[in-house]
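Each of the two complexes below includes chain A, the first together with chain B, the second together with chain C.
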Partner chain A sequence: MKKKKSFTIMLATLMACTLTLSACGGNKDNSASSGGSSEKPVELIWYTIGAPQKDTDLVIAEVNKYTKEKINATVKMKMIDYGDYSQKMQVMAASGEPMDILFTSSWAFDYVQNARKGAFTPIDDLLTKEGKGITETLDSAFLEGSKVDGKNYGVPANKELPALEAWRFNKELLEKYNLDISEVKSLESVEPLLKTIKENEPNVTPFAISKDYMPLMPFDYLIEKMPMAVKLDTTDYKVVNLLETPELKASLATMHKYYKAGYVSPEAATTTSTDDLMKTGKWLMDRASTQPLADNQWSASYGYPVVSTPAGDSIVFNWSVMGSMQAISANSKYPEKAMEFLNLLNTDKYLRNLLDSGIEKVHYEKIGENMMKNLPDSKNYDIPTFSIGNVLLTYLNEGDPENKWDEFKTFNDAGKNAPLLGFNFDTSKITNEIAAVQNVKEEFWSSLMTGTVDPDVYLPKALEKLKAAGLDKIMAEAQTQVDAWVATKK
Partner chain B sequence: MSKRNPKEKDIHRLRGSWNVVFNLIAGIFAFLCVFPFLFVVIISFTDEGALARDGYKLIPSQWSLEGYRYVFQNGEALLNSYFVTISVTVVGTLISLFITALYAYAISRKSFKYRNFFAFLAFFTMLFNGGLVPTYIVVTQLLGLKDTFWALVLPLALNAFYIMILRTFYTTSVPDALIEAGKIDGAGEFRIFLKVVLPLSLPGLATIGLFSTLGYWNDWFNALLYIDNPNLVPLQSMLMRIETSMQFILQNSQNSSLSLGAMQNMPQDTARMAMVVIATGPIIFAYPFFQRYFIQGLTIGAVKE
Partner chain C sequence: MIGGFLKNLFKNKVMLLMVLPGTLWFLFFAYLPMLGTIIAFKQYRYSRDGFLASIVQSKWVGFDNFKFLFSTNDAYVITRNTLLYNVAFITLGLILSVILAVVLSEIANKKLAKVYQTGMFLPYFLSWVVVGYFAFSFLSMDRGMLNQITGWFGMDPIQWYSDPKYWPYFLVLIFLWKAVGYNSVVYLAAIMGIDRSLYEAAMIDGASKWQQIRSITIPMLKPIITIMTLLAIGKIFYADFGLFYQVPRDSGTLYSVTNVIDTYVYRGLKTTGEIGMSTAAGLYQSVVGFVLVMTSNYIVRKVDKDSALF
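Right after this comes the complex of A and B.
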């Protein structure tokens, strides 16, 4: 009997302990939230993408000195590495973790999907009040293209707007065989070059591709790397199945021809990267997405000259507009302050460069009015420039041409809008079909696109399987949504 | 063995030919297990250029220490992660052993009235759990562990499966009579537990200890969820970050800013392999330490009187 009683007492004590503990936890939260009274500066919690850096706290302390004075707010920046970002943010958003500003994009922590889920605050009103500077500096296509169901949820970073694919060439080989790339544009046009190299340089892979390769097609995809698409020059907005188009058939036949001729690596359908070829320089050409002055960056990073020529037109796609954005969390307590901060970040040269390159004379030094040089300590603060805001405000790096940002402006102006710019496919009704089609797609996509298998044999098979998985239903749903969207536009 | 009469037949022995066959099978299997790791070690010592040129070779044309040099040059973060992993493993294993042993002992004693209730409580968590987001909310908001050392230790501290193992171990290999004997000699509950039960259960504790050591050493998911502070990132999580980020960047190569911006920061193949070697190395030494008890643990209780 005695034992029983002592047990009860112990249990009671334990319960009491737990209660106090949890109460303590609760209290801490409350005190933190009440800390943001009117006179005290507001602390904004900011999650952004990139490998965490050693000197982040140092730089942020400097940032806070400035922002406290300017807008009476401080920030707490937390960086999450590329590979973890989506997963971690998904959990944090779902659990209501306190945060104010967060990075989002078409490729990490999916912007459209999370905007629809209600993870972000709509910023249309904020933009007109606190965010005037942003609307003034940004190309209007950025804000227009990043609308989800008619509302803006994120501030796009001012950077290259359209997407442009280019053929890249190993310049040393071009010069050795005196090859001319001025006539190169289509996939078919490169054949003579590939042939020359194949015949003369047995150790060189003429056309470097990996399993992610697919021929450049004049289509705007409803979902990237899925077969539902609209032609770029469409007038009737008809959703077509890419695999049934004559354009793709022709390209695949060409790829298969190249494969049989040995222009591409026999392992193309399974290799994940062409990194090894780039390192050794044993390649003639490949295709990559480009931006102004990309040639210089490639050459510098590979250690030998690389030149490129456009492989298509520069087009403003949804995903290129949403390439990098900062959104305000739906549970932010200070959306106005957050917008004030984003506004400052996108318009204030001092703040933008402080966040991008670190502290002057510690991480970098200025070697001209608008040019800087990294100091050895810059390795302790190296964050992806494009991810946090207006790129055009950042200082030029040593060796960059003076007119770099002008070239970006010209590049942006040259981009044509894709037909579906501003349209976002809502897949909530057809999630099962999408998943099924995705699975089927995995089976054959790489081997077809790299030309490893004969399209005459495998394309019909693939089509049949995709249809069995429900592709037609997806296409019908897509068509309904596109039609409804086109109707609202007129 | 040599003193034994050669003609006397040892019934435990296999015939010579079978012995060879079984040894061969075991040997091949062991080799298959060790080989990939051996290969990783070789690659980590290969010259980067040779690797790009010839691919993975068992005997590379050119050896190099470049991978390790790279790792140790940027070594501050690595050493820091090492330190985090080791502290988490040591502290975690101790805590885990401590509470698992206590819990399991309590529910193994027949005189404990609520043993079935507590056994069920533990068992229940093996079948059902709250899922990712509720767990996250409990850890970060209720317990306030986000970005702390304890977020790496506490979520793994108590495992229902280990409790079950240890309880079974107590009930089968610590006879009730011994506990009673202790009581008759005037020992209290704590003394009985410390002086009688624990020494007898060393093999069981070592097994659990090994499991949780490995669990802590290899854990990266808790760090992924709860840790933002770069100074608190354990080794496995750091490796995982490097790998997943690289893959991620490769898959998103159509985004020109991303691929151009991140291109310079990618570590080379050999450096990654060197990191794997460095991360796996120390834990190998944990095995022999535990193995002594481990074998005992497997044989003890195999035959009951």
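Right after this comes the complex of A and C.
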């Protein structure tokens, strides 16, 4: 009898264990009704991008002291590294993991798509009440440009608004061979520089590109890195196939010429990153998106001087507006509190800098009214400044000019609006075609764009396959949507 | 009736207790998630009330999610690649593993045999990303070892990563290098279990080593060979993502010989992230695998009842 009892107990324990386990997923309202009253502070769960930091808990404890007092809320910040962010968040959003605030953008955990799938709470009403400070400080172009089907789902970080591509140069090599970059602008114009380096420096890669490279084209893409596009100076909003345009053909011919001349790495089409070239300094030029004072940043992070010159015009695209946002999760129990917190984060200088640089005298010290210097411990708390909120509130780094944020404002004002700014392509009717076209695109894209293959041979092949995969149907759907959107704008 | 059941339960309690963790594991990680396959027939949208509500509230779309697998002529390429590579992996892997196991069992110096075995075993534990870089150090156009060696003989460097004709051999070779050592352990264990007296009797009768292997080792291995092969056939529609994505460095020009179902699904869905479509692809692979296992098991049972799985 005794034996039997112990077995039953064990079985019961096991059952209990599994029940608790299965219950973990489904608990919804364990502490629901404590929202409004001033008794118990609300805890907001916050997922954001970047490598997890050693001192996060330390800093967040300090943050919570402050926010508890100000808005009766605390936060629990969880960081997920760049490479994992999209995938992990996708799973968490799909499975209904409890969360309140989350980072989203055009390049990680796609904002438009997830807004459409219902991952975020619409914040238009919240912005007029709890988020007033945000609407006051933020350039209105940000909120206007990040609307999805007429609604706002995320708070964009106040930062550089337009996208500007620049040619970057390794200054040491420029000086050694006395090269002039004042005349450089188009892809063709860099050829003499590349040639000089190729002839004199056999160990240097003149033009550093990876498989993500594509020539800068005067088009606004419906989906980034997919061939459906509208010309930047369009008046009739005609959706064209990028691969059929004479502009691209010419650029690809140039790239192929550069490839054959050995100006780019022979493995460019399969190289995922040019970091090793940047580290060793064995490169002459590449292309990167820039912002005010970017040269200083690059030079500081590489440890040798880098100079740049614009490669195109400064343009406000959908994706540049949506470069960094914080959204409120659809399943958040406290959307109002979450908005209050975001409002504070984007307007309160103390909170913003605490979250960005850590605790004063531990992670940084102030060396002026608005200027700071990192202390050695700052390596334990180093989070991406652009990702969590208003960048213009952060203290200047040692060596930054006093007017840094004014330069950002000038930079933002100078940007021209892209034709499709505010339009978001809805792909839900053509997901099958997108999947098929995506596969064909990947097959040809990198080798064409890096100049690895002859465009005269491969461009027609790619076009034929893309059409077979349904590109025309996507373009037709895109045209319908663009036309409808243009009609509502007038 | 119920009393009888309880009595039965009590009588076998030790056995049942032993099987309990496994049962629970299967229940929670294999059977429960199976309900999720209905996502394959839905356009999955998030609901604020959690996962189950999302499933229930999402719109039914029938077989729409499966279309992208069959809609283009890539469908033929990926199916062909997945099947042919797996057939090559299964047959060559089997032959080499068995040969290796027999050779290892015949090495007189047991210490040396262990060293060889460990050496063969090691690649199995490497991640495909690491293997991909190994391969790159051989095949890189400007710095690769292979091009340097061919250069000594005055040959022009070859762009390995843009020429599809070499890759079927590379992929099979790399796969075998990684998998054979591990699989041979299974066969080695089976050989160790063969009754030694059979060999002694054979030796007294004057059988050569070759005759012993052919008439004792191989026939004794037959059941385990059949089981291992049947299990492998069940996975014939799954391709090793790492092998086909990392090792060829995702080079577009090689897709005609490296694109398999798993990489196709990944590439097609990474922009739209439609969970319904990836579930559909997974379901399709499982169903085909299931059908293949059932038929091959049926055939095995017809031929030799004792070797069949069930």
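Assume the second predicted complex is superposed on the first by the 453 of 490 C-alpha atoms of A that agree within 3 Å, B and C clash if a C-alpha of one lies under 4 Å from a C-alpha of the other, contacts with A are read in each partner's own complex, and residues count from 1 in each chain.
Just so we're on the same page, a contact is a pair of C-beta atoms (placed from the backbone, for glycine too) under 8 Å apart; a residue touches a chain by one contact, two chains touch by 3 or more.
All values reported here derive from a predicted model rather than from experimental measurement.
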Item to check | Joint occupancy of chain A by chain B and chain C, clash or fit | outcome: clash
Next on the checklist: I'd like to know which partner A:96 touches here: chain B for first, chain C for second, both or neither.
Outcome noted: both
Next on the checklist: Between chain B and chain C, whom does A:489 touch in the aligned arrangement: first, second, both, or neither?
Outcome noted: neither
Checklist entry - Who does A:452 touch here: chain B (first), chain C (second), both, or neither? => result second
Next on the checklist: Going by the contact rule set out at the top, does A:444 touch chain B (first), chain C (second), both, or neither?
Outcome noted: second
Next on the checklist: Quick check on the superposed pair: does A:107 touch chain B, chain C, both, or neither? Answer first, second, both or neither.
Outcome noted: first
Item to check | Residues of chain A at both interfaces, chain B in one complex, chain C in the other | outcome: 4, 7, 22, 25, 28, 94-96
Checklist outcome for this item: Counting only contacts in the complex, chain B reaches chain A at residues 48-49, 51-53, 55, 76-77, 113-114, 132-134, 136-137, 140-144, 224-225, 228-230, 233, 240-241, 243-265
Checklist outcome for this item: Seen from chain A, its contact residues with chain B in the complex are 4, 7, 22, 25, 28-29, 51-54, 56, 78-84, 87-88, 91-92, 94-97, 107-108, 159-160, 163-164, 210, 212, 224, 272-273, 275-277, 279-280, 288-291, 294, 297-298, 301, 319-320, 323-324, 382, 384-386, 391
Checklist entry - Within the complex, which stretch of chain A touches chain C? => result 4, 7, 10, 14, 18, 21-22, 25-26, 28, 90, 93-96, 110, 113, 117-119, 121, 211, 223, 226, 265-267, 269-270, 330-331, 427-428, 431-436, 438-440, 442-447, 452-453, 468-470
Next on the checklist: Help me check something: in the complex, which residues belonging to chain C touch chain A?
Outcome noted: 10, 13, 17, 20, 24, 28, 43-54, 64, 67-68, 71-74, 140-142, 159, 161-162, 249-253, 255, 259, 264, 267-275, 277
